[in-house]
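Chain lettering (A, B, C and D) follows the sequence in which the chains are written, and residue indices restart at 1 in each chain.
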Amino acid sequence: MTPLTRDGIAARLAQDIQDGWHVNFGIGMPELVANYLPEGREILLHSENGILGMGPYPDEKDIDWTLINAGKKPITMIKGASLFDHAWSFGIVRGGHLELCVLGGYQVAPNGDLANWARDADDPLPAIGGAMDLAAGAQRIYVMMTHNANNGAAKLLTSCTYPLTGAGIVKKVFTDLAVIEVTDDGFLVTDMIPGLSREELQARSDAPLAFSDTIADLTDRAA
Amino acid sequence: MLDRRCDSLAQAFEGIGDGARVMVAGFGEAGRPNMLIKALLDSGIKDIDLISNNAGDGETGLAALFYAGRVRKLTCSFPRGAMRELAMELVTSGRMELEVMPQGTLAERIRAGGCGIPAFYTPTSFGTLIAEGKETRHFNGRGHVLETAITAEIGLVKAHKADRYGNLTFENLARNFNPLVAAAATCTIVEADEIVELGDIDPNNVHSPGIFTNHLFTTRPVPEDSWQDWKETA
Amino acid sequence: MTPLTRDGIAARLAQDIQDGWHVNFGIGMPELVANYLPEGREILLHSENGILGMGPYPDEKDIDWTLINAGKKPITMIKGASLFDHAWSFGIVRGGHLELCVLGGYQVAPNGDLANWARDADDPLPAIGGAMDLAAGAQRIYVMMTHNANNGAAKLLTSCTYPLTGAGIVKKVFTDLAVIEVTDDGFLVTDMIPGLSREELQARSDAPLAFSDTIADLTDRAA
Amino acid sequence: MLDRRCDSLAQAFEGIGDGARVMVAGFGEAGRPNMLIKALLDSGIKDIDLISNNAGDGETGLAALFYAGRVRKLTCSFPRGAMRELAMELVTSGRMELEVMPQGTLAERIRAGGCGIPAFYTPTSFGTLIAEGKETRHFNGRGHVLETAITAEIGLVKAHKADRYGNLTFENLARNFNPLVAAAATCTIVEADEIVELGDIDPNNVHSPGIFTNHLFTTRPVPEDSWQDWKETA
């Protein structure tokens, strides 16, 4: 059994992004998804600092520091991009106009709760950024994360123990081991990597998992 | 492919039933989507819950919706104009409900609708008849009125230039309510003077980003004498 | 005694507009003030449908129907004009950014209450427009009106009987007979037309008038 | 004459006392008014009640205000960056108060401040730690949090082009908080890459109308090594 790499998770997630969607990739691991958008689909990338139609990172020589994304990395604009101020940008987010937002995650619960901004409620320097607005506003939230923390701790929990980013907002979780939908009845596994048993996946998860009738091979559609 | 361009005006209104809430942008005749208003008239949709700053003028354009008896409720700031007598008759006979509010409150309620703000406080109208029965609250010692967001199933918008992603620009004072309506409607239908290539609109000067546009048409003039077609079918 | 014409009132009021102010003239009589702005002062005109820097009415041949004011009349733009949507336009109004708004009036009370939008609380077709926002938002409200109604009824009342446009917002009233400041102690007359006695002016007003130590000649600074 | 151009940076900050509430626009380094931040540092104003989305980076620019011990309270969405350790020390030692909120809430609160909206409801943060102790209310079955407007005595803004009326344009993602801060501050001080003639900016593409600008300067680069001048005077 070989868990997916971060790029592998990104490539698999990218398959679930439909033609014509406007999408925000959260800072960090979700940014990788931009590299794997399926050919033939026109997908517009939003960055909450004020752009729709973000293009790939520029060559070093073309860097323009008025063109940065929410992670403060240099970007380019595609033809047909649009720019706006922070109020309109978060109007787009909060108003439910983005078809999808992909966020990283520390913990996800079967009720769709997501914790991804703080491991400690008493952090003297809490850093929220735009994640809570994206969590509250996008039409769909997909979470991209390793199935377990570095110390092996489960991230699919019966309820989140870290402070929430948003309550009841996650639709799908993409990990290095599986794809898990968040349904009214809780977690439903739809894709798994080959060589991993349902029991093993359950053992690596804290919350109970249900399994769909046919489980897709996670590596089939991952890079 | 992300392409908002459409061919069929009739198709744009398909699936919209009687009683639909429809928001129409424009101020006076500036930025008023007359081709789309004609298509709405032609669609035969009745009992329209109409949101528009003005009630129209003359017997064509927006006013034709009232003459054709299609409007069940009008939400606006200024229900006057040349069809004032008709509006008076519709309202006093109980055939049309009327909700009037200050223009800035209407604009902000539509803006709130597009931006995911369900309600806000405004100082406008505090202490007046308009605030009667509304929830009020003091902030910094000053009275304010609670107002809620307005959204709609359909928004009709008139742009100057547009590209196939739905990015829009407006011309001069024809901007007015247009970007607000574009954002606040679930299905935003746009007519533009000109549809240009991607990249022809400077990203810095897009007035309404494409994400708010659902269906895009090029404006064609509506023959003056066609506005009364409804009379034959009414 | 010759009462000022409407243009005379406009010309007198224009004298009180300072260099560098951003001003909104309400629909109707206040629009006349634009014709009398004192030379040497740079005053930017706002119209609530989305412009700062409105210029004079165009020649017939230059009319462009995307250039209209709040009264739907054709306008021009001066160099340095700016255009914006209705949300920003009323953000400018409500946010207290306009140094002055001039409104017409049906009735004004010594506490600064203004009635100018409806003569009947039960009007089945109430038409508010932008006046209430302007009344609530501008830094100063000046009212421009004839001193008495056509039937001779007083318009300076101890309290307004018509529905209010705004409560406690009027700073000055300019009529065809006088200029009246609204102070914490009520109406204070500062200018009068020659040949009119204080008693006559009081007789034409319902609310009590105080008079400043020196009363200016109203016609001195009127066209 | 309506002319917002100024010569003296020191004059722009005259009359501003210790404890002033200062709003600084920009996101990361894009649209960050570094020349004005340096002037604020040079002004010697202490106990600043600072509103800025980020806390700055490195030891220059915004970060220098923290190193110089000038900030009594920071209101932001993301107090990280290269001076994280310093921020941690200032907060845990009680020398700086910190108010952190979601970025969209910060933007909307500033926008509300400029537009005369004293308070609004937002769905963001409902059900989270951030909403604890805040007033909440359900609209359309969904929980929302009441948030109030933010204004400031001073706003520092970085524009691309400006004219003497104070009309501004911004370049690309350097727009961000700039038009919101321009509107929300009582005294808005602007530095622009270029001051152009009246009429050179297309009225349709003004990003911040002149009415929000109080003092206007042309940007001059701040020498890297001058940021630590405060050390000599501290």
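The rule is short, and it goes like this: a contact is a pair of C-beta atoms (placed from the backbone, for glycine too) under 8 Å apart; a residue touches a chain by one contact, two chains touch by 3 or more.
Worth saying up front: this structure is predicted, and the values here are computed from it rather than measured.
Novice: So using the touch definition from the top, which pair is joined by more C-beta contacts, B-C or A-B?
Specialist: Between the two chain pairs, B-C has more contacting C-beta pairs.
Novice: How many angstrom between the C-alpha centroids of subunit D and subunit A?
Specialist: 30
Novice: Centre to centre, by mean C-alpha position, how many angstrom separate subunit A and subunit C?
Specialist: So the centroids are 56 Å from each other.
Novice: So, what's the distance in Å between the C-alpha centres of subunit B and subunit A?
Specialist: It comes to 36 Å between the two C-alpha centres.
Novice: Hey, what residues on subunit D touch two or more of the other chains?
Specialist: Residues 108, 111, 115-117, 122-123, 171-172, 175, 203-204, 207 of subunit D each touch two or more of the other chains.
Novice: Of all residues in subunit C, which are in touch with two or more distinct other chains?
Specialist: Residues 51, 77, 83-84, 87, 90, 93-94, 136-137 of subunit C each touch two or more of the other chains.
Novice: Sort the chain contact graph into one of these: line, ring, star, complete or other.
Specialist: other
Novice: Can you work out from the touch definition every pair of chains that touches here?
Specialist: Taking the chains two at a time, the touching pairs are A-B, A-D, B-C, B-D, C-D.
Novice: Which part of subunit B faces subunit C closely enough to touch in the complex?
Specialist: It comes out as residues 27-31, 53, 77-80, 84, 87-88, 91-92, 98, 100-105, 107-108, 110-111, 122-130, 171-180, 207.
Novice: Considering the complex alone, what residue numbers of subunit B touch subunit A?
Specialist: Interface residues on the subunit B side: 1-2, 111, 113-117, 163-165, 167, 183, 198-199, 201, 203-204, 206, 209-212.
Novice: Inside the complex, what are the residues of subunit D that reach subunit B?
Specialist: Touching subunit B: residues 108, 112, 115-123, 137, 139-140, 142, 144, 148, 169-172, 175, 202-205, 207 of subunit D.
Novice: For a test of understanding, state which residues of subunit A touch subunit D in their complex under the given definition.
Specialist: 47-51, 64-69, 72, 77, 83-87, 89-90, 93-94, 118, 121, 124-133, 135-137, 163-168
Novice: How about subunit C: which of its residues touch subunit D in the complex?
Specialist: Of all residues in subunit C, those touching subunit D are 19-20, 22, 42-44, 46, 51-53, 77, 79-84, 87-88, 90-98, 136-137.
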